[in-house]
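In what follows, a structure is listed as structure tokens, so that the remarks can point back to it.
Here the chain labels run A, B, C, D and E in written order, and each chain numbers its own residues starting at 1.
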Amino acid sequence: MAYATETPKENFRLSMLIYDTRFRSMTIQIVVLILFGLALSWLVNNTIDNLAAKGKTFNYNFLWVRAGYDIEQTLIPYTNDSSHGRALFVGLANTLLVAFVGCILATIVGVLVGVLRLSKNWLVARIMTVYVEIFRNIPVLLWILFIYVPLTEIGPEPKDFKVTQPMIDALAIEAQGGTLPPDAVTTPAASKVLFDTVAITKRGMFMPKPLLERPLGSFSIGDFTISFSVLAALAVVAASIWVNAQLRRKARVVQETTGVRPTTWWKSLLILFAPLVLLLIAMGFHLEVPAFPVTEAGVSQGFNFQGGFTISASLLALTVALALYTGAFIAEIVRAGIMAISKGQSEASFALGLRPGRTMSLVVLPQALRVIIPPLISQYLNLTKNTSLGIAVSYLDLRGTLGGITLNQTGRELECMLLMMLIYLTISLIISVGMNIYNQSVQLKAR
Amino acid sequence: GTLDDVKARGELICGSNTGLTGFGAPGADGTWTGFDVDLCKALAAAVLGDASKVKFVPTTGETRFTALASGEVDVLIRNSTWTFSRDTELALDFVAVNYYDGQGFMVKKDLGVTSAKELNGATVCIQTGTTTELNLADFFKANNMTYTAVNVADDSEGQRQYLAGACDTYTTDASGLAASRATMADAENHIILPEIISKEPLGPVVRHGDNQWGDIVRWTYFALLIAEEKGITKANFEEIAASTTDPEVKRLAGLEGDMGAKIGLDNEFAKRAVLAVGNYGEVFDANIGESTPIGLARGLNALWTQGGLQYAAPFR
Amino acid sequence: MNEQAAQKMQVSDEVAIQIAAMNKWYGTFHVLRDINMTVQRGERIVICGPSGSGKSTLIRCINRLEEHQAGQIVVDGTELTSDIKNIDKVRSEVGMVFQHFNLFPHLTILENCTLAPIWVRKVPKREAEETAMHFLRKVKIPEQAHKYPGQLSGGQQQRVAIARSLCMKPRIMLFDEPTSALDPEMIKEVLDTMIELAQEGMTMLCVTHEMGFAQAVANRVIFMDQGQIVEQNEPKEFFTNPKSERTKLFLSQILGH
Amino acid sequence: MNEQAAQKMQVSDEVAIQIAAMNKWYGTFHVLRDINMTVQRGERIVICGPSGSGKSTLIRCINRLEEHQAGQIVVDGTELTSDIKNIDKVRSEVGMVFQHFNLFPHLTILENCTLAPIWVRKVPKREAEETAMHFLRKVKIPEQAHKYPGQLSGGQQQRVAIARSLCMKPRIMLFDEPTSALDPEMIKEVLDTMIELAQEGMTMLCVTHEMGFAQAVANRVIFMDQGQIVEQNEPKEFFTNPKSERTKLFLSQILGH
Amino acid sequence: MTQTFIRTEMLPPEAPPARDSGAIKWLRENLFSGPLNTILTLLGLFIVYWGLSGLLPWIFGGVWNAGSLGECREIIAARTGGDGTEAACWAMVRERWHQYLFGFYPSDLYWRPTLAFGLLFVALAPVLFSQFPRKMFLLTLAYPAVAYLLLWGGSVWVPVMLILLVGAVFFIATRIGGGWGVTTFVVLLLLCFGNPLGNILWFLFRLVDALPFVAVPVAFEQSVLGFLAKIFPLFSHVHPWIHSILPWGLTPVNSDKFGGFLLAIVIGVTAISFSLPLGIILALGRQSDMFIVKSLSVGFIEFIRGVPLITLLFTASLLLQYFLPPGTNFDLILRVIILVTFFAAAYLAEVIRGGLAALPRGQYEAADALGLNYWQAQRLIIMPQALKISIPGIVSTFIGLFKDTTLVSFVGLLDPLRGVTMAVRADINWKGIYWEPYVFVGAIFFILCFSMSRYSMYLERKLKTDHR
């Protein structure tokens, strides 16, 4: 029964650009766009003028030039002969390393503290409150320094691990049954922990390095070497995880049909770890323990441990400080998230006969997570951005390499800064896109 | 040019360090003192007639050259090493060398090291964003040695880490090492190794292209040197100027010639500079010399007449 | 309600709930004072009283959502002590419906109904779902089974809450003002469901101010004030001939308008 | 309502609102279909129909809170097009009262009422306040003028909302279920205000399910379903002798309980 | 079988059983309610003891009277017999506290920043506490000018003119109202300050110039624009003229004298106040249904939020000179404030967006139905409510920003944490001092931020009850 009547065609008047809702927003947008374009071209124009005035060019050729400086902590091979471009990647890897480990630690700390803050134990709850308040209300930069300093002040130096000639002499005398002078030392002042493999020092932790006797070889793409051994290990892990998922699915099916869930944890453990262990054994996995080179007499030589890999004090301090700082914020988020789930939910669950543990895992946590995750992710973002403060403790991250030494040595501040912002922006965008996808997938259905 | 800007502003803006003992740091009352600072003051006295009309803008290793290039500061007097690339690529001009430095190493005595060549495998504390990083890499490479770098943000941090034992040796300009050592509670337990692994000519920097301003900075500095050469001090300047027959001294005192006019200043600019801070030797002695806690010897920075490198072009 | 249905609403001699000399404090506030009460299997009891008189607290003590400090509560032969096993036993036999439904918003209606049977009673999922659909049909919303609570109206949600409790096959049902958060049109649909339940002989304790419901269904009305049972009687007597002054006052207030 | 008042409720020949062949879509959903309707000045029209039938949408189109996509709406001689000037003109002549009052919580009652006159009509503040007090007296809450909306009951808030609209001296009033968010006692006070308004000859379009109100005041009832006007008639005829099947069904539902 | 029961006598309340009351109950319930809790309690006690026993002697055994770090060490060694016990050397704080608070601000003028800081609270009072009379908002509006005068000094006529002109322009603009009012406000404001019209036109011509296909004749640019630039600078010409007649003013202080907490507070407060209008505009832009406006707002917000603040600070110090016309050059503090303002604006935009989202749609509709236009609705209905909801968020943004001001040390400004400390350590007397400055600065930050965060929690609670 619907029939459409033609509305008479009106003539277009110029005033309609402002007074007609159909055109008005378009008018505004076009004006805004033009202004924006003009402003942008103005900025670009200025930049070109300025570069010309300074006799500079805009190019990224410097990325292929020898960097000439050294970096303490590197995840990918790097020497001072490598290019600035490679230094950039070293920095980026360092940034991501701190961000990744920091986020994990911060989450653990945050969840723990958040839950403990709700604890019925008065003292524990109070201590956690003090922790949260102190960390939240003092600049993160100060925390980084605060934590770094003890790490570099307390603990032995590598030289305290050294066996010296006098020690050997003293031992020799002792072996011959001679008497030692009262102040004689026979053993080094410090020794390694964990079955004599890890040395904890002021300069960081010297860790044993995993090595393979029969590696599977490698191939390179450009500057980067990719090892087949690593790929193989990754493949095995992925396969194990997939098989484990199958196992769990099967267990669920069993539960759905019989009501009883079969125990799977030991099967899971086996599936998850056995293949990897086998592969590693097949490839001849062994550890290279950091140690001082020794002379024939057994005297330690050199300044530092050789072999193994090092976790520098700066990496440790930055990660721990960021984790503790961000953890304080996460604790608040977790606490708020749990408290946001009304008491009625757990009461209803209790009334149905569910035990507190099940109530937590089936009713409270799934709901709390929806509240917790979005602010949690933005804390991750903050932590990632705060890694740029690594410079305060000599940690060379992206800011320290590309935005620090490279910028300084080449004088290409425009190029370096723009590239650095772009990289940070990309990281942030990736994280927040992930967050949005998650958010959409867990949105509560409502009318 | 810069000169007009400075005159119009009535104030000289000097890029300085954020705080380097002996060379430039603010005191408890907020006044800046130090070796570099005195040169700024001399410049202010020469250009504006008043040594106090100078503002110090602290710059970091990263911001210093940009601050100069963008005109934020008129001149950078802040232990910056003169290198080819800085002189050319950064479009800056180094107009003089007011301190000849070189990179050295400090170690603890009980490490048993007596030469930098024995540092193979050592952990080295080093300030980021300076030429020292590059020198260090080159030195170890040339001697076929390896090292671990701990890149610290500033001098006090480097010193702290070195003392704490976070590194085996601390490397920076020898003057800085001396200054650090001087303030240590147990100075006798630390030695500065004999090797100086680089040339570090430090001097005032101006923007490329403003030659008149460059001349002013250079010749103000030279005036201080010449004053020392001629035995002129802050105290006896008037006296000597009155009695002298030396034409160069007369020109320095503004009694003869028209040197000032040629660089856009008046004739007494050199006199004012010297009267404001004293001659080069006085500045050195007052801030970093052997009578100060820092206790640097003149060494390379002695006048050429005394076997050093400080050599001013003739003031004519 | 017809005669036949009334017939079915039989009361047996078996004791379902026995409360003796029970006392409870919140801090120093004496909220329940010397409660004595016996509920036979099949009884339908309505509890009323002014706000703050302890009705909710009493009912919550019966499935140990609150702890009592003195006296005895025996439900279906199990005494409520701090023994977790007893608590679990009682809770799986007593269903509870709250004023604010307390459905789990992250689960569908069906999942809400099957959660407890699966995890507490270890019923296979399929069977649990069949039971759930049975009770959802009973409360007349089987078609909503795959929606989320947020997508339902208040009345529908409360009916789901009832179905959810029923899925645990409880022998006793507790209701704490099940209709007071609902719009008038929805009250009726919930009360209808409850009446039906009563007709099937379920033992029910219901805190409510719906006096029509009380008159139609209850075989006993308990009036509480200041944490005490002030009067209990069969509905007709209670409404037409209240004995205590307080009861009279209360009734005049709620029946007044 | 007495004879005399009814007398006053005259309808003139002047056309207040003219809607012709109006259609509206939400996305692809055809929410209003071929609406044709003429409202004379002084007419009091009640619109009813099942939920989702498009009543609110229709009324919101009349002051362009929603845009229509086809057809014509002429209010007081001004056609509603996308021309902002026309929209402004119509809005300042048409008052609207919402289901949820939508008072501005950060302003006092008096400020709520004077805001639009001062900023839109550019009336001096003092004059605006006098007018506001006049209308607040009319809705019988002058003593609340300096309170904030949050301090008033629902019924009072709705009356303030009516007064706020009246302060703009509109020639037409639109009501969208003005009483459906209110408790029963409060409904009456709001309806009384509306009846009074009707007696003064205000042109009114009212979406409501208060059939008593419709019978007492309306001179036309419009029944909508599925976005269409299904039936319109004078109230007596409409209620006693509905023509369409749908209307009958609808009336049986709402008058049923 | 119905048990009839009537209570004749009401029972009086009794006291709870003994084991359910008193300190013992508290201990049992709160500290030792189970084995796990007992262990946790003991662990907690140990941690507290361990922390305090290490810290307290160090803090309270500190030396207050000494001229240098060396002296401190001697005093401590003399006191403890040189057994290596460490104690703080607070003498440094005693000598340099004023630099931590005021930087290099002339010491005889300390009253000025102090007064400005005190007035800040007076100015904030009407915003934060609703019970103050509305008239006090005028004071709030005048505060920026007053604070400027107090901090930087100079002629009183600058702020007086500022207040008068902004006031007048604001008055005119509100009379006009709506979008046109906003436009008029901006245009008039630009007309009154600097070399306005000339500058705007010059700017526009530069914009046009930037297009490759347009060439503006140089002569035109210089003659006409130069002329306009000379005619219109109402502000910059008038106040020197008045000043020459009535030379009232305060000693000028350059911004290079700013440091320590003074700098942190100046940057923080200025940035947050200027970012508020910008944040509102961005939030509205982000809410807008105009695609381009929305995309630009989102782009700006996400860009700023996606990069670390420190890169923005480096932009202020290194890159701004590239983006502005050759030869433009201004104070580093100002540049930092501009970038920090952008930074804060992006965060505030999100906070305000939250506030906007919390408003029911009905408020917009009611405003529309009453015939208010977009800007009137925003100004009279939406913003007052949205901002009020956002205050806790704004306060926390401010706390974060205030803490982040410590990062300005990376561009060579004297922030309290690293900047001043570095300067102090460069003093031969205090070279080598490490913990004391950090503890001192940390304590001040904690006190300031903690009280602010408490305040924002109080607000949150208050607002929650307000809305019910």
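As a convention for this text, a contact is a pair of C-beta atoms (placed from the backbone, for glycine too) under 8 Å apart; a residue touches a chain by one contact, two chains touch by 3 or more.
The structure presented is a predicted model; accordingly, all values stated were derived computationally and were not measured.
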Q: Identify the chains adjacent to both subunit B and subunit D in the sense defined at the top.
A: A, E
Q. Cα superposition of subunit C onto subunit D: how big is the rotation, rounded to the nearest 5°?
A. 160
Q: Specify the chain most distant from subunit A by Cα centroid.
A: D
(Q) From the C-alpha centres, identify the chain that is farthest from subunit E. (A) C
Q | Centre-most chain, if every chain is reduced to its averaged C-alpha atoms | A | E
Q: Could you see whether C-E or A-D has the larger number of C-beta contact pairs?
A: C-E
Q | Whole-Å gap between the CA centroids of subunit C and subunit D | A | 44
(Q) Centroid of subunit A to centroid of subunit B, CA atoms only: how many Å? (A) 42
(Q) From the mean C-alpha coordinate of subunit A to that of subunit E, what's the distance rounded to whole Å? (A) 30
(Q) Based only on mean CA positions, could you tell me how far subunit A sits from subunit C in angstrom? (A) 52
Q: Return the residues of subunit A touching two or more other chains; collapse runs of consecutive numbers into ranges.
A: 149, 391-392, 413
Q: Would you please write down the residue numbers of subunit E that are in contact with two or more other chains?
A: 314, 318, 321, 410, 434
Q) What positions in subunit B touch 2 or more of the other chains? A) 62, 66, 69, 160
**Q.** Complex contact set, residues of subunit A against subunit D
**A.** 1-5, 7, 10, 16, 19-22, 24
(Q) Quick check: in the complex, which residue numbers of subunit E touch subunit C? (A) 1-7, 10-11, 13-17, 20-21
Q: Under the touch definition given earlier, write down the residues of subunit A that touch subunit E in their complex.
A: 25, 28-29, 32-33, 36, 38-39, 41-47, 49-51, 53, 119-124, 127, 133-134, 136-142, 145-146, 149, 381, 385-386, 388-389, 391-392, 399, 403, 413-414, 417, 420-421, 424-425, 427-429, 432
**Q.** Of subunit D, residues touching subunit A in the complex
**A.** 20-21, 23, 30, 33-34, 67, 70-72, 81-85, 87, 228
Q: Quick one: which bits of subunit B touch subunit A in the complex? Just the residue numbers, please.
A: 61-62, 65-66, 69, 85-86, 89-91, 111, 119-123, 128-130, 133-134, 136-138, 141, 147-153, 157, 160-161, 164-168, 208
